[in-house]
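Lettered A, B and C in written order, each chain numbered from 1.
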Amino acid sequence: MVELLQDPKFLRHVLATLHAWAVGLAFATLISVPIGILIGTSELAYKMSSPLIEFMRPIPSVALIPLGILLWGQGFSMKVILVAYAATWPILFNTVYGVHDVDPIAVQTARCFGLKQTAILRRISLPSAAPFIFTGIRISAAIGLIVVIGAELLASADSGIGSYILFVSLNGGQMDSVLAGAAIAGIIGAMINSGLGLIDRRFFGWRYLGATPS
Amino acid sequence: MLTVEQLHHAYTPEQLVAANITFDVKAGEIVSIVGPSGCGKTTLLKALAGLLKPTGGIIRFQGKIVQGVPDGLAIVFQEYGRSLLPWTTVNGNIELPLRYQPITPAECRRRIAESLQAVNLSGCGELYPWQLSGGMQQRVAIARALAYQPKLLLMDEPFASVDAQTRADLEDLVAAVQDQFGITIVLVTHDIDESVYLSDRVIVLSRPPSTVLAQVGIELPRPRDQIKTKAMQQFVEKRSEIAQMIRRPIDVEPHP
Amino acid sequence: MSTEGIEIDRMHPRTFSAIQSFAVRYGLGITLVIVWEYAARKAGSIFFPPPSDILHRAVTLWLSGPPSRLFLSGSVFQDVIPSLLRLLGGWALAVLVGVPLGILIGRSRNLSDFFNPALQFLRAIPGPALIPVFIILLGTESTMRVTLIAFGCVWPILLNTIEGTRTVDPVQLDTVKAFRIPRHARLWRIVLPAAMPKIFAGMRVSLSLAVILMVVSELVASTSGIGYRIQNAQIMFLLTDMWCGIVLLALIGYTLNWLFLKVEKRVLAWHRGARGRTATS
């Protein structure tokens, strides 16, 4: 595994995967968060969209990989679009519920103090919903990684960890390389998760105050 | 029934909570333990129950040294919401300790009915704890302790988390229960009125590292009444005596 | 919203509000389907067949069997049922391994601290990355897939069970110790019920993960299953068939989730009640 990490070709694969993953995730965030906020604040929009979101959420995005391959080939754009699609739902779901389920007492207090709707949004709803939105991003990060590597594997893409593993296993099946590839994917996943966890605790640590004793 | 000899407990070498606590409790008594915040009242109670091993001193329950939780003892905590099991009914909660006692199922059912009646919750057996008010939940905790038929009942600030009116009702309930079943009760509280109202004797602890400042005997007539007893001269006197000890313990010389 | 000749003022108010709530709930979905139908027919793109075509094809594929077999056609038994069995089998295996192990580890602070880093790492490995490993180790038959699904699903369950076991309320533990309830009973009657909410959460996450892993494992080197059919359709450019598979997977994912939530609601009814109460009292 150490040799793999020193091989520049492998590192290029890793970067390709991460690149597609990050861009897809960014798109999903940029689209889902604003829409989610809009839906969360309007009671009517909330009622109309919830069943739909509830339905779309459990769909395994990997099922769309074959469709994605047909529509957009085997390259970068296919990966990005698929990751973006898969990542949208957890972020959207969490944003909508985070904004919608803000503590009503906090909102009422703010209204009594004469705050207007936009101010309430900015100062109460968003900060209160922020941890949930961030959790949605964490979930999407993990799913996005699954989708991108899955897509690479299936599409025999020309770059990416998934395609590297596929390539090695098809040509000679060297177990240690295959395992090493998978292990590195795991390490990357774990690092992303811990990194996001650190950010979560650093910026949203306040929500853990007063939680049940551990 | 219970003797505490030179109890001493330090959570860490710097945190000496109890320095030298010595007292005893006779069978059938109601004894209250009061003291300023942080004087180790809860620590003491947990040590009495065998839930905590003190760093020094000996506790004897019914003649035997306490090591681990002894038989014949029940405890009611302040946080009834966290002590009752939310996934089972009131009946289920009371029944749980009884399952591991050598009694027949019929006897078990009888005890549950009897204890619920003693706390005035006879119809509530099939309800879940979260469906009851705070006062009712604490009553269930008391019923659970009663059904266990302990020789000694320990109560850790049991009425601190309920409102004043409920507290008055629960205090009377404890007095009635003691009268009916004859159990020995050790009650930790920060409410001086409560301690004088309920007990035969009040043990006053000093500030940490705590020792026993005084043991005040209460000779008010029983059965006691929330209004009449609290208007009596002796009540007011004892109450002030104890309050003064707690508020300025440095001025009072400790006497056994 | 058209009410086609029914006079609103003469309608019973409850019926009207029932229609209104139906419209609000499903209106968006129905509208989207109608828009899709219209747009697909107009544009005529083979990549996005109209829903009516998909429905038609789905009926042909799966519901054209003899009445004796509930009208289900052969392909249901060949592909759909085996896929479902693998999915549920792998998930069940993960539960059977994860919960007891989780309780064991969770009860000891040292053990859970010790294993935590390794578990976090294992949990973060993206499932598809492991497919080649599993293929090399276990071939391409059902065993491999079930094992893969189980392996992927066990981590959320394990981690959540450990977490649930660790965070049992100390007041509850003190209570049962004070009543001298024996150790084995403490486990069954206190630790397990107290950890249930978190265990169920882990099981729910694993269930959706199982669906994903089932599909992915069948998209690679397989000879049967829903994923295989989708892959096959892709290769042969049968777009409608592929969409049928996608819709089927959507239905499976949604239904499994819905079923699980129903069960969870019953088993954890006390938890909702208890949590709701503390919020208001």
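One rule holds for everything that comes next: contacts are C-beta pairs under 8 Å (C-beta built on N, C-alpha and C of every residue); 3 or more make two chains touch, one makes a residue touch a chain.
Since this is a predicted model, take the numbers as computed values, not measurements.
Chemist: Return the chain label for which the distance between chain Cα mean and whole-protein Cα mean is smallest.
Modeler: C
Chemist: Any idea which two chains share the most contacting C-beta pairs?
Modeler: Max contact pairs: A-C.
Chemist: Please identify the chain with the largest separation between its CA centroid and the CA centroid of subunit C.
Modeler: So the farthest one, by centre of C-alpha atoms, is B.
Chemist: Please tell me the distance, in whole Å, between the geometric centres of subunit B and subunit C computed from their C-alpha atoms.
Modeler: Centre separation, subunit B to subunit C: 50 Å.
Chemist: Take the average of all CA coordinates in subunit A, do the same for subunit B, and state the distance between these two points in whole angstrom.
Modeler: Computed value for the inter-centroid distance: 53 Å.
Chemist: Which whole number of Å gives the spacing of the CA centres of subunit A and subunit C?
Modeler: Subunit A and subunit C have C-alpha centres separated by 18 Å.
Chemist: Would you pick out the residues of subunit A that each touch at least 2 other chains?
Modeler: none
Chemist: For subunit B, which residues are shared contacts with two or more other chains?
Modeler: Residue numbers touching two or more other chains: none in subunit B.
Chemist: Going through subunit C residue by residue, note those that touch at least 2 other chains and give them in order.
Modeler: As it turns out, subunit C has residues touching two or more other chains at 169.
Chemist: What does subunit C use to touch subunit A in their complex?
Modeler: Result: residues 24-29, 32, 47, 120-133, 135-136, 166-167, 169-170, 208, 211-212, 215-216, 219-220, 227, 230-231, 233-234, 237, 239, 242-243, 245-246, 249-250, 253-254, 256-257 of subunit C touch subunit A.
Chemist: Going by the contact rule set out above, which residues of subunit A touch subunit C in the complex?
Modeler: 44, 47-49, 51-52, 54-56, 58-67, 69-71, 142, 145-146, 149-150, 153-154, 161-162, 165-166, 168-169, 173, 175, 178-179, 181-183, 185-190, 192-194, 212-214
Chemist: Give every residue of subunit C touching subunit B within the complex, in rising order.
Modeler: Touch list, subunit C to subunit B: 169, 171-172, 174-182, 185, 189-190, 193-194, 196, 270-271, 273-274, 276-278, 281.
Chemist: If we count contacts the way the header does, which residues on subunit B are in touch with subunit C in the complex?
Modeler: Those in contact with subunit C are residues 46, 49-51, 69, 71, 73-75, 77, 79, 81-83, 85-88, 96-97, 99-100, 128-131, 133-134, 148.
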